[in-house]
Amino acid sequence: MSVPNDRSVPGEAPTDPPSSVRRRILDVLLGVSFFTWLGSVVYPVVRYLLPPEGPALEQRTIRVGEVKDFKKNSGTLFRMGAKPGILICTPSGELRAFLAVCTHLQCTVQYKPDEGVIWCACHNGRYNLQGINISGPPPRPLTPLQVKLKGNEVYVSLA
Amino acid sequence: MSRNDAAFRVPLLAALLAGWNIAAGSQSPPPPPAQILGPDQCAPCHAAQTDDRLSSPTRWLAYDRHALAGLGCADCHGGDPRTADPQQAHGASAGFVGRPDPLQIPDLCARCHSSPQFMITYNPSLGVDQYEKYWTSRHGQLLKMGMRKVAQCASCHTAHNIRGASDPSSTVYRVNVPRTCAHCHGDPVYMAGYPIPTDQYVKYAASVHGQALLQHEDLAAPACNNCHGNHGAVPPGADSLAHVCGLCHAMNAQLFEKSPHAKPFATQGLPQCVVCHRHHAIAKPTPEIFDMGADSVCIACHRQNDAGWQTGKKMYALISGLSGLNEQAERALDQAQTLGMDVSDGRFALMDFRKSFLELRTLSHSFDLSVFSAKAEEAKGQAAQPLQTAKDALREFHFRRQGLLVSLLLSLPVLALLYWKIRHLPPRG
Amino acid sequence: MSRSPDHAPGGLGRLWAQRLFDWFDRRYQIAGLIEFLRHKDVPITGMSFLYYFGGIALFLFVVQVVTGVLLLMYYVPSADQAYESVHNIMAKIHFGWLIRSLHAWSANLLILSVMIHLFSVFFLRAYRNPRELTWATGFGLLGLVFAFGFSGYLLPWNQRAFFATKVGTDILGQLPVVGTFLLTVLRGGEEVTGATLGRFFGLHVAILPGLATLLVGGHLLLIQRQGMSHPAAWLKQPPEQRRSMPFFPNFLARDLLLWFLILNAVAAVAVFWPAELGDKADPFGAAPAGIKPEWYFLSQYQVLKWMPARIGPISGERVGILAMMFAGLAVFLLPFCDRAVEGDPRRRWLDFFGVAAVTGLILLTVVGYVSQ
């Protein structure tokens, strides 16, 4: 601790006018420099309080949309954390979701409505609508996600 | 083996008898054996033999498909399994065959395996055309010529440890197939006298397919038989190659079929895919495949500055410009991450680039510059975001330090003045 | 004499400050309060630097409150989203990393300064009659900062936190009679789950801060009311040789300088070593290798590790916990056992206990840190 101790020798107080003026100036300087420094505290706090743009929170459960947004025999890509997900509405109107990451070389897969399969454009890998690899190079099925309905809203979460 | 086998064998016998009368295909196999099967005395005696050649077959009894299904030693080897007396059991009058001649083995197996009526009672989904196919294979043709040094059923399936192809311990499990083939085809001494190379296994093991199957046990990767066939094994012909490769590399094959190369390749009898990619030693192609350099395959036909030559050069420029970008972005993101910054957004964006880049590689088989360069443009745009994320993260990293420095500098006068004030406070009120 | 601002000539700012002061002074008699603080004396001895730790702890407590309130703006206390929200704070929110790192580092420093403060008071014998209640409230505050540390550690819902909480609450469950009750209440069930997170969150941001505010208030009130304790050696000096300084403004100015330095130091540490987050808690995953409690629980952890499986009829762990509780009780009851009053001889043999406790704590912590 390098805090100075007062040498409390009585009668040392310098009270002559020039030093009192100097003290006042230094007091003002102290105030000014303190408030300047305070800026470097207030600035981060104000920036912190302003929320950033874009999706606020990486979530385990994502609202993908409303039921009416998904037509029969269609697929919709959405962001599931750091990976893309795909929500399939089967020809019979059932909703299923998977991570849209091909198990072969991690390309993003898509829905092929004419064939009714999930298809990877990179190497023609195919998955059936249960996400099971049926042809082409994919070695494993797609990772399934959970689809939950809350009223009209469709939520998808990591299983 | 347990005594229950006796009960099990009655339907087997019935099935065998039923299958007998049916002649299969053009090359009708010999009929199934018509033996009275009783309690088996072979195994207990053979297990006790000190000669490994005699005792080893009993070691697999608990695993062998045939043993498990109730097929006894005598069903293939002949002899009388009911007696424990060696003389009687192995006597010629008991029909003892001993070790079957390799030339006889296909017929021996086909007694059951070529009978649809018989096989359906054991494995309805198993084909019964192996025997027929075998005679079309190079192996079968040579065997028919009386050569014993060729593969027959037992060479690949073993004699006593026969397991299903999905059993990882099986010699015909996909991951084990290359080793099984290389047992003969990789042995230069054994293969001496045959005019074919013996380095296929070494080349294959180092190839993209070999690495995927042998190292990563990726069962989607092809083994020898996926291109050559198994029972009807022959080298695929030039005209059927694109079909074989196209089974998995469908997009590439389709694009190639529509490309300007399809016709000249066909007229010159060039074996499509393997002209550029080779066959056993298929490596991951680099952009240099298009650079028209001394090692490039293209210059075998293309002359300097002809249209194809120029297209190749342009494709090379586009794809080589991009191929470094993935690594560059990866490095930049890694660097930012090791500095403690979060770059998950950049990694997410990089996935799009990777997808487009893979698509670009596939599109190269179209040799269509307009399609190719459009995709290359798209990929280039997608690489920008991860790079930007990394750059932002680095800037943020330095900004934090600079911010700290500014704050510390701003605090210096406060500290100094406060210190001065403390020194000059009146010690007592 | 009082350097009251009434004879301060000059600046408009001063004039306004004067008016504001007068406005309050007329209503709340602040001048008297300042006068009171000015008369509060801080004795000057060779050990005076020890007096700063209480102030440091108070300042860090304020830092915790401010950064904690800021973190609350973005934190989501649910097993589903706690980790994600902290990740969000660290990665997306401007200066979120700074706020959280400040909160984490200042928490560690707070616990350290509270511990140093406690030992200072012990070695200076400042707990003696008539300051028993100051000691008791201070002891309560020590318990509270530990509880803050324990409950706050779980909130990011990462792997380390999850397993640390599992082990920590297990130990509480070993307490005789109330163990199972305490365990169930704290965990909100039999296992550490999202319910535990909710409870720890409530504890960390509502119950503990409320209690802490009460205790800090009481603690400060008692100190201001009774003034600083004077060491026996200082009192033995003839009055004209006793050196001291007024609490206001002299001592407070030094406090401010230190606080300022510490804030800068914590900010620098936060920039260079931001608080880590690690992987999200996986209740079904294996405990990460080499998992240990935070440094301030390492000594207790090490004692429990050294306990034999059984001592007589009860488990060694339970004996260890009971022993530590008795040690705590002894510390709490210290001013009631040491019946001496302020100014009495120091009783040097008491220092033996203090030195033993400090050395023991440091050794146990080091061993706990180093051992596998």
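To keep things simple, chains are lettered A, B and C as they appear, and every chain counts its residues starting from 1.
In the analysis below, contacts are C-beta pairs under 8 Å (C-beta built on N, C-alpha and C of every residue); 3 or more make two chains touch, one makes a residue touch a chain.
Because the structure is a prediction, the values reported are computed rather than measured.
Peer 1: With contacts counted as defined, which of the two, A-B or B-C, has more C-beta pairs across the interface?
Peer 2: A-B
Peer 1: Going by the average position of its CA atoms, which chain sits the greatest distance from chain A?
Peer 2: B
Peer 1: Of all the chains, which has the CA centre nearest the overall CA centre?
Peer 2: Central chain: A.
Peer 1: Take the average of all CA coordinates in chain A, do the same for chain C, and state the distance between these two points in whole angstrom.
Peer 2: 34
Peer 1: As a quick test, compute the distance in whole Å between the mean CA positions of chain A and chain B.
Peer 2: One centre to the other, that is 40 Å.
Peer 1: Using the average of all C-alpha atoms in each chain as its centre, how far is it in Å between chain B and chain C?
Peer 2: Roughly 63 Å, centre to centre.
Peer 1: Could you say which residues in chain C touch two or more other chains, in rising order?
Peer 2: 87, 92, 98, 245, 250, 254, 257, in rising order.
Peer 1: Counting only residues that touch at least two other chains, what does the list for chain A look like?
Peer 2: 3-4, 6, 8, 44, 58, in rising order.
Peer 1: Give the residues of chain B that touch two or more other chains, as numbers and ranges in rising order.
Peer 2: 344, 403, 407, 411, 414, 418-419, 421-422, 425-428
Peer 1: Can you tell me which positions in chain C touch chain A when the two form their complex?
Peer 2: Those in contact with chain A are residues 10-11, 44, 48-49, 52, 70, 73, 76, 80-81, 84-85, 87-88, 92-96, 98-99, 243-245, 250, 254, 257-258.
Peer 1: Which of the residues in chain C come into contact with chain B in the complex?
Peer 2: On the chain C side, the touching residues are 1-3, 38-39, 87, 90-92, 97-98, 245-246, 249-250, 253-254, 256-257, 260-261, 264, 267-268, 271, 274.
Peer 1: Looking at the complex, which residues from chain A come into contact with chain B?
Peer 2: On the chain A side, the touching residues are 3-4, 6-10, 12-14, 23, 26-27, 29-30, 33-34, 36-37, 39-41, 44, 58, 79, 82-84, 101, 104-108, 121-124, 133, 136-139.
Peer 1: Can you tell me which positions in chain B touch chain A when the two form their complex?
Peer 2: Contacts found on chain B: 218-221, 248-251, 344, 347-348, 351-352, 354-355, 358-359, 362, 403, 406-407, 410-411, 413-414, 417-428.
Peer 1: Can you check the complex and tell me which residues of chain B touch chain C?
Peer 2: 340, 342, 344, 400-401, 403-404, 407-408, 411, 414-415, 418-419, 421-422, 425-429
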